[in-house]
Every structure is written in structure tokens, then in C-alpha cells.
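Across the two complexes that follow, subunit A remains constant while its partner is subunit B and subsequently subunit C.
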Partner chain A sequence: MNTDLAIETHNLGRIYTIRNRRERRVRREIVALQDVNLQIPRGELFGLLGPNGAGKTTLIKILTTLLAPTSGWARVAGYDVVREPQKIRPRINMVSGGESSGYGLLTVRENLWMFAQFYGLPSREANRRIEELLRRIGLEDRIHTKSSDLSTGLRQKMNIVRGFLTDPEILFLDEPTLGLDVNAARDVRRFVREWLDVHPDRTVLLTTHYMVEADELCDRVAIINQGQVLACDSPENLKRRLERDALFEIEITSPNGLTGAILEAIPGVRRALLTETNGGARLDLTLVADSALPDVISVLTERSVRVRHLTKREPTLEDVFVELVGKPMAEAEKREDEDEP
Partner chain B sequence: MRRQWDTVWRSFRIATWLGWQIESNWTDPFLFAVYSMIKPLASAAILVVMYGVITNARFENPVFPYIYIGNAFYMYVGSVMVGVSWAVIDDREHYRTLKYLYIAPIRIPAYWLGRGIARFLTGSFAVLITMAAGVLFLRVPFHPAEVDWPLFLASLVLGVAMLAMMGLVLASISLMIAHHFFLIGEAVAGALYLLSGAIFPLEVLPPWLRPLGFAMPITYWLELIRRALLGDAARAFPTLAAFSNGQLLGILGGLTVLFGLIALFAFRWCDYQARERGLIDMTTNY
Partner chain C sequence: MSREAWALSAPVPKATGWQLFLKTVVARAYPRVVGQQRERSWIFFDVFLSVLAISAYVFVYRAIGAPEEYVGFVIVGGAMTAFWLNVLWSMSSQLYWEKESGNLALYIMAPNSMMAILLGMALGGIIATSLRALVILLVGSLIFHVQYAVGSIPALVIIFLLTLTALYGLGMMSASLFLLWGREAWHLANLAQEPIYLLSGFYFPVKNLGFWVAAVASIIPLTLGLDGMRQLLFPSGAALGFLDVRIEIVILTVLSVLFLVAARALLGYMERKAIREGRLLESRR
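This part shows the complex of A and B:
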């Protein structure tokens, strides 16, 4: 057992068996996770980046002892998630985004105090931490408000405080900014970063499908799709994979039958993604070198497609995702939604 | 060992506080008090009116206090047993907190029992109101000097513990069921109402159903409560006349321990199954 690792998984897998409600003998298996191998050292902010339905939440459920894996094993804080959940639970906490959890009849302070008590925190210390954390996340003026009277965003902030309140060794943040407006999401990201600055020995596992969030916050990122980890490295190293390529974003007028496949047939074009926009389209090009660009422009001109704007840009995690999965995350999410049981 | 008991006590204590906050704060105190009185009286009134119509208002018949007391104390079944199991559904579906409680360092069965305490308190109030109404307005025989108080208190404590254990079994099963979960508590309470001699002696049941009635600890509990409150009048029915009070207490105690063990194994099995099948945080949006 490696005690420097906060989280370790080995060939971790999870298959859900879905029974048909009408014909109960008919069963269908859905592979949610497949051979996931991760090693997350203590003190790291580790990101799981992937579309909805990629298996991120399933992995978090297994690591937080809510769900048993169907293959492989996982250790959290050095303890096995299946055999030793009672040893893991005092050391972890979790916050899930996009839901309105909490006891609406209780005030913000009461909700938080109660959870602190469940973790055995002395009342005075719990109240001190509640006030401090609420102040840092900008919710101190709502401390006596019933949580049912909070907006979704403020309730989410309260839940984020609940996760940090117990000062967990390992914190699981499952899409913590889902459903929040831009400012609230920024507050939350800042809050997470500041907490880690104060507690450098703590570990955070963050799942997100926001590229910017993963890029901005995470020390390392695992890109996950259809239950499999496709790549795992720091955001810089992941993006560096694409630095040999030239990336262009071109705004064009109506495509006039132009497709990505037509452009990918041009020598030197590695990938061409065409996205319809209001009154035109956007072309995301990955070229082997800048020298391939004139040929692309020629094809556009032949088809009477005018270029409105052309930008050469640095690679992003979205580009890495496209490189690994073969399509943008939004498209991968659409596909996952169609596959939902 | 000491740490484990600390965890159990902490889980129970905070859950009791939470349960009371939920039970008592859903409306303003006046409405809460009115509701707490009207609800038990209304349910008792239905039974009294039915009895009056069927028997030509023969309230002096010993059947009446048998029915009335059985019905009044049966309210504990709804409040304690269903109250304990309802915490699963409430936390999972309504408050969406079950997964956060589950990953906290608490003992979930102790937490459920704590949540049931508030229901026990409101249930006690309902029983008290119903009994008071019966004594004051319907001549239910109740003479404090003739009540066997030690037997009453022992039966009450043992009975509530037994109902709490049955509630834990129900809560464990609720952990594994999402669809139509809210019907389970009502269905079980309804079935037990029929089988446990709450409003009529077991002899009224078809012979093939009687063994089920004799297997139910609630049957013995209600008999003990009636004997403690009514004295010899409770022996007007032959169902358990052959048993002494001590024997009945022994049977109730034994069945309570048995249900405690069943609750322990039921929780372990259902907890394992729920984690295997990913049911702990499953919500239906019903």
C-alpha cells in the first residue's frame, strides 16, 4: 500500500444491469467504467474531464463508498472502498453540483452545523468554521436564512461550504459549478483554490465537463469518455501534444455544401470541424503546418465561401478532447444522451 | 469500542434534533398544535362512529374499550415504525441528503432511530389526546389507581423498542426500493392492523391467518397495554387469556430481540445490495 497516494484505482470497472420494465427477463448491460487506473498523490487537485455520461459520477460514487465496483479495486486514503468504507468516511467529503440538497426548514447555519456534528466537530469550532467559510464564499449575510429561501446558486454555495467544513483529507467535487452563473462559478473556483493554498496537504478530485474549469484549477487532468480514461497528465502537457499542430478558427459565410470530410481530404489537414452558427459557420482546423492553410482557403473560394474572420490560436483542452475522442464534447454529450437507458 | 459507541450516540442525538426540527417546524406552532389534536381525534372518531352504528351505541360493552385502546396505541405503529423507515425516503427523495449522510462517519441505523424519536413524541401526544377523549367523552374505563403502572411502562418501552426494530427492517428494505416506496409503510401498517388484534380478537380471523397474528409482537404488546390499563376487563377475550403477564412480557421481549437481530441482518444485507446495485442515491422525482 502506497501511503503517499490519496486515491488509487486498479482496472476499476462498473457495469450496470438494466432490466426492461415490461419484459423483466430482458436485461441490458451498460459499461459505465472500464479498466480505470489512476494514482492521485496527496495534495493534488485532480480533474476528471469528460462529457455527461462519461463515467465521472460513477467513479466518484465508487470512491466515496456509495457504489461497489464490478471489477478491479480502489483505495481511498489507503483503504479499500469495498472492505473498509467505515475507515474512509471520516476522511472524505463530497459536493455534487446541479442539485438542491439540504433541509429547507433549517437555516444555512443549522444545516451546516448539523453536518459538522455528524463528523464529530465540536460545536464552537463548527460555528467558527461556518462563519469563516461563509464569509470566504460570500454567503455570510444569509447565515440565518432558511435554505429553502435560497436561490439555486446560493444553495449550491451552502453545499460547497458543507463539503469543506469538515476539513476532509480528500474532497470529491462532482460538477461543483453546474448550473451556476458565471460569477458564482468564478467564486467557487476561487474558493477551491484558496482552500488548497491554505491546506496544501489536502486532495481534491474534481469532475467537470467545463474545459476552462479543468484548465484553470487542476494540477492534472484525466480525460474520460465512455467509461475509459483516454489520457492523464497536466493540462500543459496535454495541450503540448498538439503544439506541433497549427490550430485555426475561421468564421465563414454559409458553407454551401462544404463538409469537414471535404476539408480533411486536403493534404496537411488533420481535422476539420464545421459548426453552424447564426448566419454562417465556424471552422475549427487542425493542420500539420501553417503551409496547409492556403489550400484550405482555395477550397473555400472554389465553393464561394467567404472568410469573415481567421484566427490562429493556442491549443485548448477542448482540442485535446477532440484529438482523443474524434468529436467535440458537446457532440459526445449528445451521443451519450441518445444512449441513455 | 468506546469510539464506536460515541459514533452511535452522536448519530442518534443529532438525528433526533433534526427529526424534531422537521416534525415541528413545517408550520406555525398554533397550526401544528391544532393538527396534532385534530388528526388523532378524527381517526378515532371514524372508528367510534362505525362501532356505534354497528352495535346500536353499546359503548358499555367490554368490546368497546378493547377496540378503543387497541386503536389508540396502534398509532405508535404508524408513528414509530413508519416514522423510522420514512427517514430513508425523506432524505433520499425530498431533501436529497441521503448520500451525504451515508458517506458521513455515522451509524445509519442509529441515525434512522434518532429520526424516529420525533415521530414517537408526536405519536405519544396523539395517543394521549385520543385516550383523554375516550375517557372524558366515551366512558372508556380508566382509573389511575387501578392501572398497573409498572406493567404499562415496561410494555410501552418494550413495545416502542420492538416497533423501532420493525421500522429498521422496513427502512433497510426502503433503501433498496425506489418505485412505489411510499406505499410500503402504509401497506405494512395496514396489514398489521388487521393481523395484530388491534380492533378485534384474533379469533375473528380465518384459522389460516391466525398463526400470522400470533407471530406478530404487536399482538402481545397491545394485549399487555390493555391488561395494564383495563385490568381484568381486558381478559374478556380468550385470545391470550392462557398467558400470564410475565409470559406475555417474555414473549414480547423475545420477539423484540428477534426483530433486533433481523433488523441487523436486514440492514447489512440491504446496505450491501444497495451499494452493489447503485441504489443509495437513486431518486425517482415522484
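This part shows the complex of A and C:
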């Protein structure tokens, strides 16, 4: 057992069996997670990046002892999630995006105090921490507000405080900024980063489908899709994979029958993604070299497609995702939604 | 930001074992006791409507010339209805609602005992509902001039506490059952509400149902609890009672133990099933 690892998984898998309610014998199996191997050292802010339905939440549920894996094993804080959940639970906490935990009739302080008691925190210490954390996240003026009177953003800030209140060794943040406005999301990200700066021995596992969030916050990122980890590295190293390519974003007028496949047939074009926009389209091009660009422009001209704007840009995690999955995350999410049981 | 500025850095010892158990019970009871009192509508829904229901029976009994003790029986039954409704709507259905709000997963994930969570719910329910029941009893007794003649205060206290223990034990057991059945909880609660009013003799002596029906209805702790309390509160109560109070105390003790043990076993089963199958903790929202 490696004690330097906060989280370790080996060939971890989870299959859900869905029974048809009318015909009980009819079963369908959904592979939510498949052969996931991760090693997350203590002190790391590790990101799981993937579309909705990719298996991120299933993985978090297994690691927080809420769900048993159907294959492989996982250790959290050095303990097996199936055999030793009681040793794991005092050491962890979890916050999910959009959660409505707690009780609306209780104030922010009362809700947080209640959850702190479930972890055995002395009341005086709990109240001191509540005030401190609320101040840090910018919610101190709502300490006596009933949680039912909070907006979505403020409620999520309260949830975030709940997760940090027990001072966990390992914190699981499942889409913590889901549905938050830009300012609230920024506050949450800043809060997480500050906490880790002051507690360098603590580990955070963050799931997100926001590329910018993963890029900004995480030391390392695993890209996950359809239950499988496709790549795992620092955001810089992941993006470096694409540095040999030339990336262009071109705004065009109506495509006039132009497709990505037509452009990908041009020598030197590795990938061409066409997205309809208001009054035109956006073309995301991955070229083996800048020299392939004139041929692309020629094809556009032949089809009477006018170029409105052309930008050469640095690779992003979205590009890495497209490279690995073959389609943008939004499209992958649409596909997952269609596959939902 | 400096390290000193973040006051959380120093770890503090946390309670474990029975101390954690007690903290959890108190913390989970808190929303019931404090939170519910903040919703002032309870005065209307839990007291005024209950007194209205009681009044209907009182007027019927007086119109047909039933013994005056029946009026007292109805008042006591009306007060105890508050506990039954609390067990049915706030206790049995509670794990279902906790699942829907996302609390259940947090409760299971925390290092506390789920039994402590359930006990906390029950304790909070008992405290909050006792206030409602007391108000119903006082208001009803004042309006209809009910005379009490308590035979034995210790026996009355014992039978009242045993009734609540067994009743909330039943509620704790039902909480896991409701969740396991996976149906819409309010349908189950609706289904159980009215038949129990009839079988437990909320508004009349259960003896009138005949021995075997009353015996079967005794599985619901309120049946014997109400019967025993009426026997101890009214001069002619014993004559209208179903069983001897001492026998009722023994049966209620057995039911208390039985329901609490079953609640613990079912809770463990529910937790294992939830973790194994993964669906039980998922909200439908």
C-alpha cells in the first residue's frame, strides 16, 4: 500500500443493471466505468474532465463509499472503499453542484452546524469555522438567513462551506460550479485554490465539464469519456500534445453545403469541425502545418463561402478533448443524453 | 493570503464512538424541534383542523346520547393523532425525502451511524409533536369541559412513553421500507392514514371492533397505547378497555424492542442495497 497516494484505483469498473419493470427478466447493462486506473498523490488538485454521463459522478460515488464497484478496486486515504468504508468516511467530504442538502427552515449557520456535528466537530469549533469560512467565501452577511431564502449561487456557496468545514483530508467536488454565474463560480474557484495553498497536504478531486475550470485549477487532469480514462496529465502537457499542429478558428458566412468531411479531404487538414452560428458558421481547423491553410481558403472560395474572421490560436483542453474523442464536448454530451436509460 | 490568516489550519480532536452517536442524534433532532416551530402554519393545520375533526365526533356522540367519557376518548385520540400523522408523514417518508434532497447520501457518507440519524428524527418528531398534542388536548378539554380522573400517574407516563417508543420504532422501520419499495412515498402514507384511524380506535374504544380485529390492530402501538391511557384517565375507562393495562404495557414493551431491532436491521439492509445497486440514493429530480 502506497501511503503517499490519496486515491488509487486499479481496473475499476461499474456496470449498472437495468431491469424492465414490466418484464422483470429483461435486463440491460450499462457500463458506467471501465478499467479506470488512477494514482493521485496527497496534496494534488486532480481534475476529472468529461461530458455529462461520462462516468465522473459514478467514480466519485465509488470513492466516497456510496457505491460498490463491480470490478477492480479503489483505495482512498490508503483504505479499501468496499472493505473499510468506516475508516475512509471521517477523512473525506463531498460537495455536488446543484445540491439542495440541508433544511430550508434552518439558517445557514444552523445547517452548517448540523452537518459539522455528524463529523463529531465540537460545537464551539464548528461555529468558529463556520464564521471563518463564510467570511472567506463572501457569505458572512447571510449567516442568519434561512437557506430556503438563498439564491442558487449563495446556496452553493453554503454547500461548499459544508464540504470544507470538517477539514477533510480528501475533498470530492462534483461539478461544484454547475449553474453558477461567472462571479459566483470565480469565488468558488478562488476559495478552493486558497484552501489548498494553506493546506498543502490536502487533496481535492474535482469533476467538471468546464474546460476553463479544469485548466485554471487542476494540477493534473484525466479526460474521461464513456466510462474510460483517455488521457491523464497536467493541462500543459495535455495541450502540448497539440503544439505540433496549427489551430485556426474561422468565422464564415453560410456554409453553402460545405462539410467537415470535404475539408478533411484536403491534404494537411487533420480535423475540420463546422458549427452553425447565428447568420453563419464557425470552422475549427486542425492543420498539420500553416502551409495547408491556402488550400482550405481556396475550397471556401470555390464554394462562395466568405471568410469573416480568421484567428490562429493556442491549443485548449477542448482541442485535446476533440483530439481524443473525435468530437467536441457539447456534441459528446448530446450523444450521452440520447443514450441515457 | 498568509497561513496565519486562515484560522482553520489547526486540527481539533473530533468526537467518535458514543459521543459522535449522541451528537448526531441531537443535531438531527434540531431541524425537527426548531425548524418546525418556525413554520407558524402548524397552529392552523395541526391544531385548528384537529380540533375541528374532534368536534364533529363530539357533536355526534352528544347527539346520540353516548356516555360522556366518549368525549374525553375523542380528545385523547385527537391529541394522539398528531403523533400518528408525524410518524406517517415526517418519519416513515423521511428517508425518501432525504434522498430526494440529497441529504441521504451525505448522511451515509458521514462517519456517523445511520441509526443515530433515525433516532434523531424520531426524538425531534416526539418533542415537536408533543407540543402540538398538548395544545390539542388543552384546547379540546377546555372547549368540551372534559373531566379527567387519573388512576395512576406512573402507569400513565409509562404507557405514554412506551407507546411513543413503539410508534416511532415503527416509523423508523417504515422509513427504510418506504425507501426500499421505491414507490412514491405519499401514496403509501395516504394508504395507511385512514385505515389506522379506524383500526386503532382514535375516536372510539377499540373494544367495539371485537376481540380479533382489536387484537390484529394492536400491531399498531397506538391501539393499545390509546386504550391504556383512556383506562387510566377516565373513571369508567377500565370498563370500556380492551385488555388489562398491565398486559398492554408488556405488549407495548415487546413491540418497542421488536420495531427498534427491525428498524436497525432494515436500515443496514437498505444501506447495503443502496451501495450495491447504486439506484437507491439517486434523486428523481
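Note that the second predicted complex is superposed on the first by the 341 of 341 C-alpha atoms of A that agree within 3 Å, B and C clash if a C-alpha of one lies under 4 Å from a C-alpha of the other, contacts with A are read in each partner's own complex, and residues count from 1 in each chain.
In this section, a residue touches a chain if its C-beta (ideal position, glycine included) is under 8 Å from a C-beta of that chain, and two chains touch if they have at least 3 such contacts.
Because the structure is predicted, anything quoted here is derived from the model rather than measured.
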| item | value |
| --- | --- |
| Superposition on subunit A - do subunit B and subunit C clash or fit | clash |
| Touching partner for A:122 - first (subunit B), second (subunit C), both, neither | second |
| Subunit B versus subunit C as contact partner of A:133, first or second or both or neither | second |
| Contacts of A:86 with subunit B and subunit C, given as first, second, both or neither | both |
| First (subunit B), second (subunit C), both or neither touched by A:273 | neither |
| Greater subunit A contact set [subunit C / subunit B] | C |
| First, second, both or neither for A:106, with subunit B first and subunit C second | both |
| Which of subunit B and subunit C A:65 touches, first, second, both or neither | both |
| Contacts of A:16 with subunit B and subunit C, given as first, second, both or neither | both |
| Set of subunit A residues, in rising order, touched by both subunit B and subunit C | 16, 61, 64-68, 86, 89-90, 92-94, 96, 99-103, 105-106, 110, 114-115, 117-120 |
| Subunit C contact footprint on subunit A (complex, rising order) | 14, 16, 58, 61, 64-68, 86, 89-90, 92-94, 96, 99-103, 105-106, 110, 113-115, 117-122, 125, 128-129, 132-133, 136, 146, 164, 166-167, 194-195, 197-199 |
| Contacting residues of subunit B [partner subunit A, same complex] | 6-7, 10-11, 14, 17-18, 21-22, 25-26, 95-97, 99-106, 275-276, 278, 280-281 |
| Subunit B contact footprint on subunit A (complex, rising order) | 16, 61, 64-68, 86, 89-90, 92-94, 96, 99-106, 110, 114-115, 117-120, 162 |
| Contact footprint of subunit A on subunit C as seen in their complex | 1, 3, 6-9, 11-12, 14-16, 19-20, 23-24, 26-28, 30-31, 34-36, 38-39, 101-103, 105-112, 117, 274-276, 278-279, 281 |
